[in-house]
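Working notes, beginning with the structure itself.
Labels A, B, C and D are assigned to the chains in the order they are written; within every chain, residues are numbered from 1.
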Amino acid sequence: MLNKIGWKKMAIWLSLLVIVLYPVFFHSNSYIMHIFILFFCWAVLASSWNLLFGYAGIWSLAQVGVFVIGAYSSGMMAKFTGISPLICIPLAAILTALIVTLFVGLPSLRLKGIYICVFSLMFADALPSVLTQTRKWTGGGRGFHDIPPLWNNISRVHYYYVGFAIFLISLFIIYKIVNSSTGKAFIALRDSRDFALSLGINEYKERLKVFALSSFFAGLAGAFYGHYLGHISPSSLGISPFLLAIAMMEMGGLGRFPGAVIGAVVLVFGSELLRLTGMSRLTILGAAVVLIMLFMPKGLMQIVDIIDNIKLRKNAIIK
Amino acid sequence: MEMLGEAMISGIIMGSLFGAMAVGLTIIYGVIKMFNFAHGIIAILGAYLAWWLFSSVHLNLIGAIAFSFFLMLLVGILIFTLIIRVLLRTPRWPYSTIIASIGLGIFLQNLLLQIFGPRIKSMPVFFEGNIKVGGITIGWHEISLILIVLSLMLILRIFFKKTTLGNAMRAVAQSPEGAKIVGINTLKIFSYAYMMGIAVTGLSGVFLSTKCYVIPHRGWDWMVKGFIIVAFGGLGNVMGAYYAALLLGILEALVVTYVGTVWVWNFWFVSFLVILLIRPEGLLGGRMG
Amino acid sequence: MSLLEVHEINSSYDNIQVLNKISLEINNSETVCIFGPNGHGKSTLLKVIYGLHRSSSGYIKYNGREITNLPSYEVIKMGIVYIPEERYLFPEMTVMENLNLGAYNLNARKDINKNREFVFHLFPRLKERKNQLCSTLSGGERRMVAIGRGLISSPAFLMLDEPSLGLAPVLKKAVFEKVQQIIEEVKITVLIVEQEIEYALKLADRAYMLKKGEIVFEREKENLNIEDIKKAYF
Amino acid sequence: MVLKTEGVSKYFGDLRAVDNVDLEIEEGEIYGIAGPNGAGKTTLFDVISGLWPPSSGKVIFKNDIISGLKPYQICHKGIARTFQISTVFATLTVLDNIKIGAVFGAKTKKLDSSHINEIIEFLGIQNKKDTIAQNLELYTIKLVMLAAALATDCKLLLLDEPMAGLTIAEIDNFLQIIRKMNKEWGITIVIIEHLIDTLIDISDRIIILDGGKVIYKGLPEELTKDKKVIEVYLGKGEE
């Protein structure tokens, strides 16, 4: 019976069960719950980046910028118009996708890989100065404060479940994209570009589609993040979140589906641990990114492959 | 008129300095075809090493710079052997070298921060005093910087044209297959080019630190500037990077003087867009000629 | 003892097995030709000998020393030189710089002046154009540079891959005359892959026919007959 | 006439890879192309299928000018091609490989699984459907490439050395498949093949390219008697 369900499905259901039940049993420990909520945001961000970078091979480095744009636009929308954040969040995600696709996607998608890197990095680099110059509305360098909560008198448990819902929906859709014809088209383009083109794949259109979708999810996570914390500042555009996200994507396994989520688990909880021990997080993270690339180029998903292989061999022996 | 003159001079100075930095980037790209995302931090590292040798070890100025150059060669070979060489063997090296060099850059940045602290470091000027030419004041130090970078470029030019190793590097850049056929060990040439690129970059960092403040996180801005210069001059084109840097340096100084400092970053952004849309192969063509 | 011994070499590109248990021997001061239809493994064989492409099994010995899968910068030191069919010149370098790079390996460096003189004697045209960039040369001139660059590497054993490919008929003739001249004046061992069968037969002491990655036959000059070769082609 | 090229040329720098080629391919025929290495055969295919735009000249497919269109647009018009090196999508299954052609290549954009099954049965790869392509042997790889091309609902199929590397028995099978596609499915076929005897065997008409130029155009039977062709393959010799 156990064998039939498969260990991967078991693991997924088990972890979902833990997440669902955690607040029920450990209601009092809101610190861990806080970290869980951060994990939901980061996992969506890293997964959306992985969709773009790992699957579609679009080397954009602006994804954290996209996340922050999502946070600012939803926060500003809710604060200035008074519309319920529950409506602002998806609206902001759509707006973010539009802005980013227009300013980064359209110009850069015709470029070659390395140019996209530099171009998107410049875009992200330009954001803090944009915020400074629009200080009147965005709060400039001091950040944007008093972002309305999702609803009045909301508790952390509620945020926890809303975050979890966003996490589930986003990942489900990303999973669907990866396994849809669009996802296959990117694998096809990666495996053999000329053949893929001559079989009728419109590369530009597919890339634009993925660009918009991945910006949407990054924006969505960002918007929720802003409302949860109640404030957002340009420091989120700094090197530390950027590195954290890139490390998640890489540690889980570039271009592997739940990889970025696994990377997010390890790094969100790991970096909290590092924060507690007071060690220099960035030095260790920077070194970790290099070391993973060298010694575990396929990321933690490699462990999944190894277990699969062992299972296969075992089955072969039994037969 | 004097304003224009001073803007031109300051443009040439900054152009020379950033030119020297971009040259390191373009050598590495030209030969290995990989982008070094840790580039800015490498320049900062060079500056910090020279500063440390000068102010803590108390070497004299020339000694500190020379010794830091030597140390940067070591850093280059270390990074190449431990990281780049391993990654180049994997089929996805264009991906993995980007991510690994970002990681390396952040590692080095924070290492510097922990060792030397967050205070701004800068090297002393080489020569005190200044002269007045037609109403424009130029410091001797600035003149010496322009001349030093110019002679560095000449030395590099002679190296690439006249020496066996320089020719081998150009050969690998232009046709790796052809290079293998004439018996060049391409991996070895990669390592030399990387070492050289890193050392020149470190040197440029030392020069930069005599003109502007150096703190570790500035490296990322420097790197992006370096990329734009390299894209302008043609990927892998050494002299092209120098000329492009002079041109962009002068234009930047004009923007600062006549439009305003706030617009500088937008100016670089637009320049980059323009060059990408008009001539993606750069103004002077891409191959290491 | 033979100078070069190729023993049951297998090699493949992607999934396609290109060489299937190839064995051949080349003696000192011999000129050997390999014929065969396009895409049947001739160039691959030369690349495998030169260490530019891996063989999956079998061995290659040169002067009794095993050189299987040795990188080309090691192979060239022993005096084996390969002149490829795709020219692989350095386009943004001058003719002179291209030629000088032929002497990159240390063994060739000491003879560079002598060899360069010989190349200029063979191709006076190159001397006229020595300061011109290779990207500005005509097809025939590029072929001269490729051959010249190979000769400056001081070959004891020269592998030529279709030296006449893509040249106009007059130039083809000229190239073969030059190859003949090289063989006579330098007295080296030559392995040549060629489509121009009649020209090649005039040079060859012996020939192999390679089809579908296998040696179909091996003949001495006396027994070589153009009709047999035609039959193998069509 | 289904496909016509008018003075098509493709230059790379000063190399004339394809030089002023005129072709007229009739509906329903098998059209053979041969020539030595570097004659420009594959480049000609690249130009027709849109991977490279021609430097000059026109490509006309069923009265529409298609030169200058993007590869996917040309594919949607009904031209499919295969490649010389075995370029399947190595990490996808056989079925997914074929689906790529069906989803993106066919104009309708609707996945017609009965059509896919038909192709799979026709090529006899039913039991390989779920195999990852990189684990296949060469012959099946070639069939998968063919299947993906067929799934685009093509009217004209360009085959670039489809039989390179196959054994004699496999070549015989493959030739039968080509004939059947041509007769029963009504697909016009242009085929590049090195082995002259095989090409003569399968083609209705043949052209020979050398140095980018057409040096022979005509019936297969007369090919081996043509002086120029013999020269190209065996050299001119000295007069």
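Observations, loosely collected:
Definition applied: contacts are C-beta pairs under 8 Å (C-beta built on N, C-alpha and C of every residue); 3 or more make two chains touch, one makes a residue touch a chain.
This structure is a prediction, so every number in the text was calculated from the model and none was measured.
The chains that touch chain B as well as chain C do not exist here; no chain meets both. Shared contacts of chain A and chain C, meaning chains that touch the two of them, come down to B, D. Across the two candidate interfaces, A-B and C-D, the one carrying more C-beta contacts is A-B.
Among the remaining chains, the Cα-based centre furthest from that of chain C is the centre of A.
In this assembly, the C-alpha centroid of chain C lies 32 Å from the C-alpha centroid of chain D. Centroid to centroid, with C-alpha atoms defining each point, chain B and chain D lie 49 Å apart.
One inter-chain figure worth recording: chain A and chain D are separated by 43 Å, centre to centre, where each centre is the mean of the chain's CA atoms.
With touch defined as above, chain D holds no residue shared between interfaces to two or more other chains.
Taken residue by residue, chain B touches two or more other chains at no position, since every residue touches fewer. Shown are all chain pairs that touch, namely A-B, A-D, B-C, C-D. Interface residues of chain A facing chain D in the complex, by the touch rule stated above, are 181, 184-185, 187-188, 191-192, 194-203.
Residues of chain A that touch chain B in their complex: 59, 107, 111-115, 117-119, 121-122, 125-126, 129, 133, 239, 243, 246-247, 250, 254, 280, 282-283, 285-290, 293-294, 297. Interface of chain D with chain C (complex): residues 13-15, 36-38, 85-86, 137-138, 141, 161, 164-165, 194-197, 211, 224, 233-238. Remark: chain C residues 13-18, 37-40, 85, 135, 138-139, 162, 165-166, 169, 172-173, 194-200, 226, 229-230, 233-234 touch chain D in the complex.
Listing the residues of chain B that touch chain A in their complex gives 35, 37, 82-83, 86-87, 90, 92, 94-96, 98-100, 102-111, 114, 217, 220-221, 224, 227-228, 231, 262, 265-266, 268-269, 272-273, 276, 280.
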